[in-house]
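After this come two complexes, each holding chain A, first together with chain B and then together with chain C.
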Partner chain A sequence: MTYLKSRRFIASAFTAITMLSITRTITGNGDLTSTVTIAQALVFASPIALAGLAGIWAERAGVINIGLEGMMILGTFGAGWAGWQWGAWAGVLAGIIFGAIGGFLLAVAAVTFGVDQIIAGTALNLLALGTTKFLAILLFTNAPGGGQAQSPPIKGEIPVFTLDSIVVPLTALHEKEIFFVSDLAGLVAGLFYNMSLLTIITLLLFIMTSYLLWKTAFGLRLRSAGENPWAADSLGVKVVQYKYAAVVFSGMLAGLGGAYLSIASTIYRNGNTAGRGYIGLATMIFGDWRPGGTAAGAVMFGYIDTLRLIDTGNQNVKGLILLGSIILFAIGAWMLRSSRRNTAIGFLLLGAVMVGAYFSATSFPPEVAQVAPYITTLLVLATASQNLRPPAADGVPYRKGEDH
Partner chain B sequence: MNFRRLATSLVAPAIGLVVSLAATAVILISIDASVTVIFSSMWNYGTSPRAMTLMLNLATVYFLSALAVSIGFKMNLFNIGVNGQYILGSLAAAVVASNLQLPKVASITVTILTAMLVGAAWAGIAAWLKVARGVSEVISTIMLNFIAIGIISYLIVRTSIGTETGVNIRGTKLIPESGMLRGNAFIDPETKVYGFLFISIFVGIGYWFLLNRTRFGFDLRATGKSASAARTSGVQSTRMIVTTMLLSGAVAGLVGLPYLLGQTGSYNLQFPTEWGFIGIAIALLGRNNPVGIAFGAIFVAFLDVSSGQLVLEGVPREISTIMQGLIVIVVVISYEVVRRNQVKSEQRSVARALAKQEVSA
Partner chain C sequence: MLKGVKLASVLAVASLALAACGSSGETAESAAPTEAAAPTVKVGMAYDQDGKGDGSFNDAAFAGLSKAQTDLGVEIKEVNSGAGATDAAREELLTLLADGGYNPVIAIGFAYSTALAAVAPKFPGTTFAIVDSVVDSPNVGSLIFAAEQGSYLTGVIAASASKSGHIGFIGGMEIDLIKAFEAGYNEGARSVNADIIIDSKYMGPAGDNTAWNVPEKAKTATDGMIANGADVIYAAAGGSGLGMFQSVKAAGAGYWAIGVDSDQYTVPALAEYKDFILTSMLKRVDVAVYDVIAAVVNGAPLVGIQAFDLSKEGVGYSASNSAVAEYAAAADAAAAKIASGEVVVGTKVE
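Our next item is the complex of A and B:
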C-alpha cells in the first residue's frame, strides 16, 4: 500500500468509527458497535463479498456476470451434498467445483459462442435453480435428516477462532461507553470473536486479487481483455484463454460464497442464496469494480442485515436511520465544498428528513432495514455513476480477428 | 427471401428443442427413469383438457411478462425489473379493485389502468436513473425488485391493507365478484380459462401494431438497430428510453392480473414473485415477435404444467425448469451460430459476385 492510500484508508476508517460512535452515543444503543454485532456482520458480509469478488474477476476480463446467483446456488448445493457425506472441507471443495462448472458454462456461451452475456447469465440462473432443486429431491429426500428441499446437516466444522485475551478486555472496554474508544474496542474485538477460517480465506482472496489483477503482468493482460481485447490480441495476449480463466475462477469464488452460506447454516436449503448473487453484483458496482470498495459494500450489507436480525427492542433500525442521516449530512457537507451544490442540498435535505423521522417515531419496522442496502446502492449509483469506471469492453462479445 | 428468414428463425428453436430433449433424456436415464414412460406421461397429462386449461392460463401470464421484456429488448434495454413492476402493480390493482363497487367493465378497466400505471411508475424510476444519472437499467431494476418486495411485505404485514385471508396467509381484502374476470370453462368442465387471456391477446396485437405500424415503433426499432444512426436522423434517444421503459413497465404491471382476477381475488404473501425471469427466456425464444412469444409462452407453460404429474413416476417436476434453462442456452447459442453462418454465406456470395465482375472486366 502506498503512503497516500494507507492515509486515505486510515482517514475513512476514522470517519466511519466517529459516525458510528456519535450514533451510539445519541441512541444509547450499545448493540450498534458490539463485539457480537461486528462478528455476525462479517459472517453475513463474507458470502456477498465473495460474490462481488467473483463479479470483479469476470467483468475485469470483459464478461458481465449476471449468472453469479446461479453459480452461488450451485455452490450452496455442492457444499450441502458433499458436506453431509464427507465433512465441511469436502463441502467447501465441492462448492468451489460446482461453481466452476457454472462459470465454465457461462464461458462457453459468452466467450466461445459470443451470445449476449446478460442472457447467458439469466439462462444459467434458471438452469442452476432447476438442477439443484431437482437433485435435492432425488438425493436428500430419503437421506437421514434431509428433506425434499434441504440436505442433511453438514458433518464437522470449519475452525472458528476466538482470542479471549483480546476479546474479553476489549468487550469490557466496549461496555464502558466511552466516546470513540469503546466503539473502536467493540469493532476490534469483533474481528477476534468467532472468526471463521472461511472469513479469513475470504480476506486473503481479496488481498490476492488486488495484487494479482493490479500488480502483475497476468493481471494487466487479464484486465486488457476487458478494456480493449482487440488491442490486447494485437500485442499477443491470448484473450479467449484469459476470459475463460477469469470466468471459471469467478465461478469458483461464487461457488465458495455459496458454500460459505451452506456451512454457516449447517445445511443446504432451497433458496438459501436469497438473491445474494445479485447483491454481490451490486457491491461490485458500488465498489467501482475494485476489491476495496466491493468489500466495503459487502460489509455495509452484512452490517445492516445483522442489525435487522438481532433487533430485540426494535431499536437497531432506529439507530440505522440516525446513522444514515449522519452519513448523508457528512457527504452533503463535503460536497458543498466542491461544486456539486444541487446534489449536496439533496443529501442535506434527505438527511434532515431522516433526522425528523428518527425523533418523531418510537420505532421503525424491520422492512426499512430490509430495503435500506438497496436504496443505498441506488443512491450511490445515482450520485456517483459518472465517477464509476467499468471496464471499457465489459459485456462486448469478442471474436478473434473481428474488430469493432 | 422472407421464407428463408422464417426458416432460419425456426432452425434455432428446433435445435434448442432437440438438444434439450436429448439432454433431458440423458438426465432421466442417469437416474434410472424410463425416458419413454416419462415423456409419454408428460404428453398424455399435458394434452388432457384440464392441463390444457391450466397451460393456457399460465401461458397468459408468461406471454405478458415476455412482451414487457421484449419491448425493452427491441431497444437494447434490459428490463430485469418485471418482477418488481408486476408485484407492485398487482398489489395496487388488488387494493383498488377490492374497494370498487362498479359495473364489471368499469371496474376491470380501472383495475387494469391502476396496474399499468403502477408498473410504469416503478419502471420510470429506472428510466430516470438511466437518463438523468447514467445508471445501467440492469442493476437498478434488480435493486428495485428487492425494494418492491420489502414495500409489499411492509404494506401487507404491518398496515391495514393486509388482513387475514386464509389460514395464516395475510393478503388484501377479497375483490368483489363484480370486479373479477374468472373466464369460462370451455375446454375442461371443471377449470376455467382466465378471461384475461383475451385481453392479453389484445395487448399482443397492440404491441405488434405499435412496433410495426407507427412512427414511434419505427424510431424504437431504428434506435435498437443503431443508436447513432437513429440519433443522426433526429430521434431523441433520452425520450425514447423513457417512453420504452414506461411502456415496458405498464405491460409488466399486467403480468399478475390474469391470476389475480381469475383465481385468487386477493394479493397475498404467497403470490408468485418470479414470473418476470421466465419472461426474459420466453422473449428470447420468441425473438421479440408477438406470435413467436405466444408459442414460446405456450410451450414453457406446457412444460411447467405437464411436469406436475411426474411426481407419480418418481421424477421431480423441476425437470421442467432444467429443460427451460437448457432450451434457452441452446437456442441463444444456435441463433448466434446461424447468424454467423448467414453472414459468412452472404460474404461469400458477395465475393463470388465481385470475382465474376472482375473476370468479365
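Our next item is the complex of A and C:
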C-alpha cells in the first residue's frame, strides 16, 4: 500500500517536472522553474493551503465549513492586534486563538443547535467581517502608525532560512538550461530559499493531518463522525465531542492562515484575506477532501499568482498557456486509453485551441492567469466528479439518538 | 429544531447588525468654535472605503477639512462608506447629510458617482462636491485632478534618478483613473530618456476591490521588476503600495520608491521606509476640499467641472526628501511647460 502510494507520488512528480521542463524549453523562459518563483509560490500557497487543510478537518467530521473566510479574517486581525504590541510570535498565537473562537462559534451553531451549516458559516463570515472592522476603528485609530482600517506594523519577524550551500550550486545548475535536470534543480533550490518557519510549520501540519486522520484510531473515529455518525455513535464514539474538536481545530488552522497573511504583509488591513478562505475551500474540493490533493491545489494557485506578478514582459502568462495545453494533451491521451472517449476528445480539442493561441498571439492579458486556477478547479469538478468523494454525512446535522 | 432555527436567525441578525456597525462607522465630530458670529456653515464629508487613516487619499481630504475648520470656523460631520458599500448605502449616507442641513456635502472618491447623481437633484438648495468623478447636476462641483500631469513630473524624476535606465509602475485596479497615472508617468520618463524600459503591473482587473488591499502581491511584483533591472518604482495602488515600499527597502541603497496622493515621506505609518521614498505625486485633495468649503462660506459655491491641475497647484510632487533636490530643476521645468500648455500630457497608455 505505502509502496504503491509512494510510487504513484514519484510518478506524478516526475510527470509534472517533465511537463514544466518541456514548457520551459519551448518558451525559453527560465522564470517558470526558477528558485525565486518556487520560493514565492510557496509563500502565496501557504495561507490558501492552511485554509484548505482547515476545511478538511471540519468536513471530515461532517461539518461544512463555509466560515473559513471569517475564521481567516479573525486570524489576520488577531495577528495584527497582538503582533504590533508583542511581536510576530504573539501575533501567530493570537491569530490561532481568534480563529479557534470562530471555530467554536460555528461548532455551537452547527453541532449543538443543528443550524443549517451553510447559513451558520455565512453568518460567521459576516460576523467576523463586521466585528474586525469595528474593532479596528476602536483599537487602531489612535495607535502610532495605525489607522481606521489597518494596524500598526507588526514588530519582529518570523525566522526565514536560506541554505546557501544548496541554493547557490542548484541555482547555477538551473541557469545551465539542461532539460529536466535544471528544472529539478530550480524546484529543489526553491525549497531552501527564503523558507519561512511558518511555511515549514504548514508543511508539518499537512504531514501530521495525513497521519492523524488516516493512520490513528482518533482519526478513524473523527472521520466516522463525518461518514456515518449514527453508526459511530452505536459503537460508542462520542460524535459531538469529535465534531467540536475538529471544527475548533479547523478554526485554529484557518486562523494560522490569516496570521500568515498579516505577517507576510507586516500589517493587518481590512480585507487583506481577499477571499482566500473561499479559495481554500475550492482547493479542498479540488483535492478530494485529502491533504495531498489540497496542497497541490494551493501550490497551483500560488504558482500561477507568482508567475503573473513577477512577470515583466507578459511572457509568463504565455508560458502558462502552453503548460496548460500540454497538461490537457496528457490528460486527453490518458483518457483515450481508459475509454472515456468523449471527454478525452474534448480535452484534446481544448489543448489544440490553446496551442493555437500560444503560437498566434504575442502576449496575453494578465487576467488570463488570474482566472486560470478557477477554470482548472471547474474542469476538475466537471470531469472528475464521479471520482470525487466528499464524506457521506458532510453537512448533515447530527442529533444523538435520532433514528436514521 | 425550532430552537435551532431561532438561534440561527438571532445569530444572522446580530451579525448583520455588527457588519453594519463596522461598515458605516460614523464618527461624529462637531467642534463649532464658540466665537462664530454668522450662522455656521456645516460641512458634511463622506469618505470612501474605510476613511481616515489610509495615509493617502482620505487623509488628504481630512487635511483640507481640518484646515477649513480652523481657518473658517465651520462645523463638520464625517461618515465612512465602508469597503464594498452598495450604491444604495452610499445614497443613504449622502441623503442623511443633506437632510441634516449639511451644506456643502463632499463625497470623496469616484465610487460615490452613481449615488450622488441620484441624491443631488433631490436637494437643489445644497451644494455637493465629488472628488475624481464628473456628476452632471447644477448643484454639484466635480473635482477633477490632472493626475497624469503630476505623474509626468514623477516620471521625469524617476527617469533622472534611474541609473539602470529601467523603471517600474505598480497600479491598483486596472481602470482609466489609474491608467492616467501610468500614462503620465511613462510620458514624463520618456521625455528624459526616450529608450527607458518601463515595467507595469496592476494588482487586479476592474471591479476587483481586493486590488487595493494586497501589499504582499505588490511586494512580489516589485521584487520581479527589481530582479529584472528596475531601480525606481512608482505605485498608485492604495493600501497595496506598502508592498512596494517593503520591496524597495529590502533591495537597499540605490533603489527608490515613489509614493502617491499624500506626501508619503511624512506619513507616520511609513516612517520605516522614508529613506527610500524619493518623492510622492501629490494630488492636492486638501486644496480642493478647502476651496469648495471656502466658496460656500463666501457665498459663491463652486459647481460644474473644477479641474485641479498644475496651473492651479492641484497636483505636484513632494520635496520632503532632500534627495529629490538634485532632480527638482528638471521637474520644475517640466511643470512650467505643462502649466503654460507647451506640453500636453495624455491620459491613455500607449
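In this section, the second predicted complex is superposed on the first by the 403 of 404 C-alpha atoms of A that agree within 3 Å, B and C clash if a C-alpha of one lies under 4 Å from a C-alpha of the other, contacts with A are read in each partner's own complex, and residues count from 1 in each chain.
Keep in mind that, in the parts below, a contact is a pair of C-beta atoms (placed from the backbone, for glycine too) under 8 Å apart; a residue touches a chain by one contact, two chains touch by 3 or more.
Nothing here was measured: the structure is a model prediction, and the numbers come from that model.
Asks: Figure out whether A:Gly114 sits in contact with chain B (first) or chain C (second), or with both, or with neither.
Replies: Touch partners of A:Gly114: chain B and chain C.
Asks: State whether A:Glu367 touches chain B only (first), chain C only (second), both chains, or neither.
Replies: both
Asks: Would you check which partner chain A:Ala149 touches, where first means chain B only, second means chain C only, and both and neither mean what they say?
Replies: second
Asks: For A:Asp183, select first, second, both or neither according to whether it touches chain B, chain C, the two together, or no partner.
Replies: Neither partner.
Asks: Does chain B (first) or chain C (second) touch A:Asp305, or do both, or does neither?
Replies: A:Asp305 sits against chain C, while chain B stays out of touch.
Asks: Identify which of chain B and chain C touches the larger number of residues of chain A.
Replies: Touching more residues of chain A than the other partner does is C.
Asks: Which partner does A:Ala282 contact after superposing on A: first (chain B), second (chain C), both, neither?
Replies: In the superposed model, A:Ala282 contacts chain B only, not chain C.
Asks: Quick check on the superposed pair: does A:Phe140 touch chain B, chain C, both, or neither? Answer first, second, both or neither.
Replies: The second partner, chain C, only.
Asks: Return first, second, both or neither, reflecting whether A:Leu261 touches chain B, chain C, both chains, or no partner chain.
Replies: The answer is second: A:Leu261 touches chain C but not chain B.
Asks: With both complexes overlaid on chain A, does A:Leu381 touch chain B (first), chain C (second), both or neither?
Replies: The answer is first: A:Leu381 touches chain B but not chain C.
Asks: Where on chain A do chain B and chain C both make contact?
Replies: The answer is residues 109, 113-116, 119-120, 123-124, 126-127, 129-131, 133-134, 137, 275, 367, 370 of chain A.
Asks: Can you list the chain C residues touching chain A in their complex?
Replies: 1, 3-5, 7-8, 11-12, 14-23, 25, 27, 49-55, 80, 82-84, 199, 201-202, 204-205, 209-210, 213-217, 219-221, 223-225, 227-228, 239, 242-243, 246, 268-269, 271-272
Asks: Going by the contact rule at the top, pick out the chain A residues touching chain C in the complex.
Replies: Touch list, chain A to chain C: 36, 40, 43-44, 109, 113-116, 119-120, 123-124, 126-127, 129-134, 136-137, 140-141, 144-150, 152-153, 261, 264-267, 269-272, 274-275, 305-306, 309-312, 366-367, 370, 397.
Asks: State the interface residues of chain B toward chain A in the complex, per the touch definition above.
Replies: 31, 78, 80, 129, 133-136, 138-140, 142-144, 146-147, 150-151, 153-154, 157-158, 277-278, 280-281, 284, 316, 318-326, 328-329, 332-333, 335-337
Asks: Would you mind writing out the residues of chain A in touch with chain B in their complex?
Replies: 66, 105, 109, 113-116, 118-120, 122-131, 133-134, 137-138, 275, 278-279, 281-282, 285, 365, 367-368, 370-371, 374-375, 377-378, 381-383, 385-386
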